[in-house]
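Working notes, beginning with the structure itself.
Chain naming follows the written order as A, B, C and D, and within any one chain the residues start at number 1.
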Amino acid sequence: MQPDFPRIGKRLFCEHLVGGNFGNMSVKTDDGYFITKTGSYLDADPEQIVLMPLNGRVTPRASSEWRVHTAVYNASEHKAIVHAHPPYAVALSLLNDAEIETIDSEGHLLAPTIRVVDGPCGSQLLADVVAKSLASANIVIAKGHGTFAAGRDLDLAYLYTSLAEHCCKVLYLTKTYR
Amino acid sequence: MQPDFPRIGKRLFCEHLVGGNFGNMSVKTDDGYFITKTGSYLDADPEQIVLMPLNGRVTPRASSEWRVHTAVYNASEHKAIVHAHPPYAVALSLLNDAEIETIDSEGHLLAPTIRVVDGPCGSQLLADVVAKSLASANIVIAKGHGTFAAGRDLDLAYLYTSLAEHCCKVLYLTKTYR
Amino acid sequence: MQPDFPRIGKRLFCEHLVGGNFGNMSVKTDDGYFITKTGSYLDADPEQIVLMPLNGRVTPRASSEWRVHTAVYNASEHKAIVHAHPPYAVALSLLNDAEIETIDSEGHLLAPTIRVVDGPCGSQLLADVVAKSLASANIVIAKGHGTFAAGRDLDLAYLYTSLAEHCCKVLYLTKTYR
Amino acid sequence: MQPDFPRIGKRLFCEHLVGGNFGNMSVKTDDGYFITKTGSYLDADPEQIVLMPLNGRVTPRASSEWRVHTAVYNASEHKAIVHAHPPYAVALSLLNDAEIETIDSEGHLLAPTIRVVDGPCGSQLLADVVAKSLASANIVIAKGHGTFAAGRDLDLAYLYTSLAEHCCKVLYLTKTYR
């Protein structure tokens, strides 16, 4: 499972869905989850991952966004989470209050509406609203912050991240064209 | 022939013509064609390809877009097909009813007009209108969905995919400039 | 010298200055020049290069744009040429008649104005106007077609190609911002 | 330490934060700093680095932007500097007089306002205003020129470079959307 982290991380960087050492990813285990370390590059080697319990003490160096990951796994059947900062998705989240309606065929098929939620970075409030949305969806955008995508594995969480940015870019291009 | 699949797939990703595990490709054989598996990455290894007959039972795990590929091979002399989701081409297809007139010199030379067709993803209707267009062209855009490009080999089908996105991006940039 | 071709070609692709098998490059020799083959990928191995005389028969499979290369070498001291299709430069060339005035500091330093010339692709007319411009410059844009950059080596020709696209993108972004 | 140079250089290129052989980087040593050579590619091998004293003669082939690096190290505790040419940051610097207010959550957290300074490239004036700004910040934009980012190591300087471009791109996208 752990080789999936840098493999998916490389894809996220190549598609410009995240930059710098931003973003984080996790994969569920029996009573916890593996999560990227705070400040680590998502395309780095598998050693940049720590095991975090769903209940219990916070593992040193776990991503500072662990509250979202814990809340999502507690509120859903998802097995993996990808958090990224895709620029078109972030920009559109700042313009739309509650949700973004996709207009391309992949959006129609997989995510006709993408919910936009709000809350301070790293807060339990953000964790709760993201978890509530992802209980019945694979993708949500934290306003002005980035995407949280979840699914049965990292590949699917990455797919929804890529999809959200594609949908938002197509929306942007059609709106600005004249 | 099969090494062509990941080689062209890598180019499609590097040019941002497709993301995630979207898109599909095929190459004609005697009485069928090799096609990428459903849900596979186009830059993945050659094992992600299955043989599909032009007549007969659908091969398990063949791309869900096999109807388009079968229809194109039955209606034309093309030997390879690339389906991708280039964002500028998708955006412009949502704004133009019947066709896009290219304004750059490569467009003028190779695809003065790019037809836009419509139909539900995976449907026989979409397969038929794409095949009809590609009987006399190398490139067509399925409205809000993506490009279907065809030619004598994967290199040419990829070239027309790249061309279509370049033409649409140049069009977009000139239209939005002021 | 020949390893420079794929090395510079890879950079051109990575910066999205050219796509597909478009573009061409050449390096001067004693009484001719090495030029990429027609239809070859600029990042391909060094075998995709042929020797072309400055006077004499056209080498089979030389880039179809050989007339420009021959004219530039005959009219200047340049030792290398890069032709690419950067989208912002192409778009702006379609909007400006004679020249583009750069507004960023690199543009001010290296190319305060970038001339835009016009002529049919592959024609002697285009070759002549490009050569005339490059006799006193390192970069020119063929209207709706692409950049021709020249200098003492491929690195410098690539640098001016990258510069032109950067200048045009900055111009585009400032003009469309509000 | 020197392997950090090409590692960070590759990231800067992949994120399109710099192109061609533009940009430069340095890392502080006891009484000087290692800096990339003038005209070198930031992703090149570690041999493209020279040692420059903080006081004393200019090392041959040191980046022509050494005045900025010397001034920053003399005026702050920073240990590394990255100078790049990110297009959205450059474009927005041409439109804003004194500073750019970021609107996304990473901007709010790490750089609520990004100062824009002005001065001729390579001048002591530019060096002084950049150094003054970086004495109390990690990022500043030289108007129409590019970013100067500084921190405890190249990773942090790169992070602020990536952050500034992300913030400016999000700003641009929200401003142009309608």
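Here is the rule we use: a contact is a pair of C-beta atoms (placed from the backbone, for glycine too) under 8 Å apart; a residue touches a chain by one contact, two chains touch by 3 or more.
The structure presented is a predicted model; accordingly, all values stated were derived computationally and were not measured.
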Classification of the chain A:chain D interface as same or different, half of numbers criterion: different
Where chain C and chain D are represented by their mean Cα positions, the distance between them in whole Å: 29
Distance from the mean Cα position of chain D to that of chain B, given in whole angstrom: 41
Chain D residues counted as touching two or more neighbouring chains: 14, 16, 176
Overall pattern in which the protein chains touch one another (line/ring/star/complete/other): ring
All pairs of touching chains, each written as two labels joined by a dash: A-B, A-D, B-C, C-D
For the chain A and chain D complex, residues of the former touching the latter: 13-14, 16, 19-22, 85, 87-88, 90-92, 94-95, 121, 142, 144-146, 172, 175-176
Sites on chain C touched by chain D in the complex: 14-16, 103-106, 108-109, 155, 158-159, 162-163, 165-166, 169-170, 173-174, 176-178
